[in-house]
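Here come two complexes built around chain A, the first alongside chain B, the second alongside chain C.
And then the complex of A and B:
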């Protein structure tokens, strides 16, 4: 697979990521079990006529895609690939509630049209008048990774610029259901990577990347590789696959400036990552990120955004650090994500 | 008729989620589609549902929609003609 140069990024998350500032300086700590996205004024990014029909996932997706394109100074792309675990949940809920409340009468088209998983990708395509490839991956905890892999494979087929992104929105009803099912917990004082209780803080957001096959004057960092690992049986499996992944990119663990790990705070889901942590801390600077964005299907898109910012600024903020290892520069960041101890992935982001 | 027009304006704003528009901003004689409010084909479907839901009117022939949904006033006149106001 080819590399993907990041020329523009856009991110709406539970942190102040929308304004492209160094958001690590003004961290918003979670105060409940739901880390809601801090949404910008959408009028700056989306016309009012379109805005009135959009649910939050669509707004977050279209606005962050717009930010990424603006940064990359692009008005068109050769393809769009998005990833989402739950899609446009708010509109699905609205449509189903209307069915229930009106006894299956008077169903309006808007929420039905906007409820499909690929609405974000298609809205972006409509706005850009992009009639080229457009695909949405709904692969649970591999959704963003699949979109990323797709883009990297398209580069081998000759496409030059692609817009990729991961989007997730959660509604009060969905959060309540998760809460009642005992899946969530309120934040405490113990860092996520040290926790011994079940439950996590659920998060949401949208992160988009304007990527290209070749380096451009706008290139900020490069996604060197991505790999997924489904239900590894032991922590050793993760380490083995990680070393093999790095080897494929002619790297060893000591070449990695930061290993950014997806601890969710749920002790059962994090068990394998907790077991490999001491070894990684021996050799590497290790960090984590889900205390900043919460747990959700496409949290790895937030991690990729954060990694890009750290490489751009050549700084690893204290807020992400688990240990303290002196090192020079930020050349490669290896993201190790896990979702519910089912979907594991490696994303390698490098300096360019 | 004026009361029905005002009621319709509020219902249209709510149904179409025209958050930026106030009832006073809508000229009852201005076209709903194209110029004027600038509505589109999805809004037309929403307006059909609005008539059915709030006034019990089912538009049988889609061709009639062009005349009925010309403006807020034509909508009000149609509702009145159906004895549903």
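And then the complex of A and C:
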């Protein structure tokens, strides 16, 4: 696997990330259990005749992909790899409800066509007329990580520029069902990493990255590595894997300017991260990010976007900090994500 | 990057059998598994045919010996076929080698979600179904059933999904990230997909007739099929036996339409050519093509045109096996990868059932009976919604 230089980013999230500004200065903190994405005016990014038919996931995905391409000044890529846990859920739900309510009659194909998980990736291919490699990963909290790893593998197989991204949308009905199932909560004023109750604030959004094998004049930061860890048994397993991961990149914890952790606020899911937190705080500047984007399958794509911003600006905003360690510069950020205490991942982003 | 990739285990459950042996028997006897719908609840039960696995969910639970109420049909099928592949390869997942599980699905847990969604919304019951709706669920069930995994992911690229799972496994082994992987796909039938294809008006009410001039659409099927693939080093180290080699693969995008294939088969042509280039084989060295051949007017025209674009007037012997199993969507490419390996092992071409009249547009005639002939190489195509085109090339080990 080779490094992936980030030449352009696009992010639609519960924060003001759609423009290129330093979003950490105007944080949105909704007093609910659902952090909805702040959607931009899509007309700038998607032609009106396409826009009319698209569901939200497709709009968020295609628009953030376009932002990333514009920033990288690209009109073509060698491959597209996207990640999404639930795909185009709005269209799936629309077709499902119509089918159930009308007893399988009077159905139209549009929402079925758009319900397939690879719709975002293929819409981008259609718009770019990209006949090259196109993959969609749909594995829970590994969806974005898989797309990222795919791109990094392609860089050692010769491809030069690749578009990767993660997208998740949540419908009001899906949120309500999760609420009724007792999965959600409003975390209130207690920081996510300190929570003692179950439930999380659900979020959504799309984040895309135009990445390249070689450094370009547009390069902002570099993704140095990614690793996934399925159902680690103990906090010690995570630490062991983390050290091995850093070692593979010729780094140690003291080289890491910020450890950015995926606390969701769900005390059971966060238990292992809570247990490794004190040790990490001893040695490192530690932060978290899901109070900014909420918990969802591809939240690590938002974390990668945020890490890129911090490295570009050489600043770690107060809002992400868990402890306060004096340090110089922002050289490497290590993202440690967890999803449902099942899918753990490490993503290493560095200065370039 | 030079490591060769071998297939060392096969597992399959579909309309024509619950394991590899039954499957091979049905293929050799030209016995289709497509028939009247028995297990799927739909108002179209008597109007359409489908390639159902001939077991109820309760029987499947017995078969995998797991009665966890959170398992759904997708998971049962996936677990059954993945386990067979691993046992066939003679692998212990806990022997210290790095094993990946790379699966694919399009329907995921929808087959159960559609039964309970109204209750979930209106009565607030059955909310546990939320936990098994997504595509990752059945893959994690496989991993947990096998007992150990070093890498896990799931792909969903419509009807080409399993080809891409196979391809990713090959790439990860070649890059030294894994020693071996269980790769493939699963899709159980659901009312959702059934109605979706019905609204697209591409379901045939009769038996599907791939590459026949009178074809009007596909029959849906359900299946899971998995391969164990290993790098040559890992295979040699444990003294495993290679069943076949994977020598070429390619993934391209037609970028023509969200659901339809381009009439000239642009993406398909590109995929076949790229897979051939990787394999180092000349078109004339392909002994048999297992076509995607769904039986829809659009696919067979596009695929036939692409085949001629690559092979000219020397098109290898070919058939579509969709009339045996129905179109098993995400699983189709791994189902047909199993068939391709059986072709190589037994030097057989399995027939393209229900074919009578060649298409007007070109002079392509599939094999319609079981043909015994030396088979050293097989090309297998899979195309899907979203323009996803994938081709795989298998070679005798």
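Some observations on this one:
The criterion applied here is as follows: the second predicted complex is superposed on the first by the 352 of 352 C-alpha atoms of A that agree within 3 Å, B and C clash if a C-alpha of one lies under 4 Å from a C-alpha of the other, contacts with A are read in each partner's own complex, and residues count from 1 in each chain.
By our rule, contacts are C-beta pairs under 8 Å (C-beta built on N, C-alpha and C of every residue); 3 or more make two chains touch, one makes a residue touch a chain.
Predicted, not measured: the structure shown is a model, and the values here were computed from it.
Of the two partner chains placed around the shared chain by superposition, chain C is the only one that A:86 touches, whereas chain B remains out of contact.
When the two complexes are overlaid on their common chain A, residue A:76 makes contact with neither chain B nor chain C.
Touch criterion met: A:122 reaches chain C, while chain B stays clear of it.
Once chain A of one complex is fitted onto chain A of the other, the partner contacts of A:100 are limited to chain C, with no touch recorded for chain B. The partner of chain A that touches more of its residues, comparing chain B with chain C, is C. In the superposed pair of complexes, A:29 makes contact with neither chain B nor chain C. When the two complexes are overlaid on their common chain A, residue A:252 makes contact with neither chain B nor chain C.
By the touch criterion defined above, A:150 lies against chain C but remains apart from chain B after alignment on the C-alpha atoms of chain A.
Contacts of A:190 after superposition: neither chain B nor chain C is touched. Legend: residue contacts after superposition of the two complexes on their common chain; A:173 is shown touching chain C, with no touch to chain B.
The residues of chain A shared by its contacts with chain B and with chain C are 105, 107-109, 113. Chain contact summary for the complex, chain C toward chain A: residues 1, 42-44, 105-106, 108, 110, 113-114, 117-118, 120-121, 124, 127-128, 130, 133-136, 139-140, 143, 149, 151-158, 164, 168, 171-172, 175, 177, 191-192, 195-196, 198-200, 251-259, 266-267, 270, 384-388. On the side of chain B, the complex with chain A involves touching residues 15-20, 38, 42, 45-46, 49, 52-53.
For chain A in complex with chain B, the touching residues are 48-49, 52-53, 102, 105-110, 113. By the touch criterion given at the top, residues 1, 80, 85-87, 92, 95-97, 99-100, 103-105, 107-109, 112-119, 121-123, 125-126, 128-140, 142-143, 146, 150, 153, 156-157, 173, 176-178, 180-181, 183, 228, 230, 297, 342 of chain A touch chain C in their complex.
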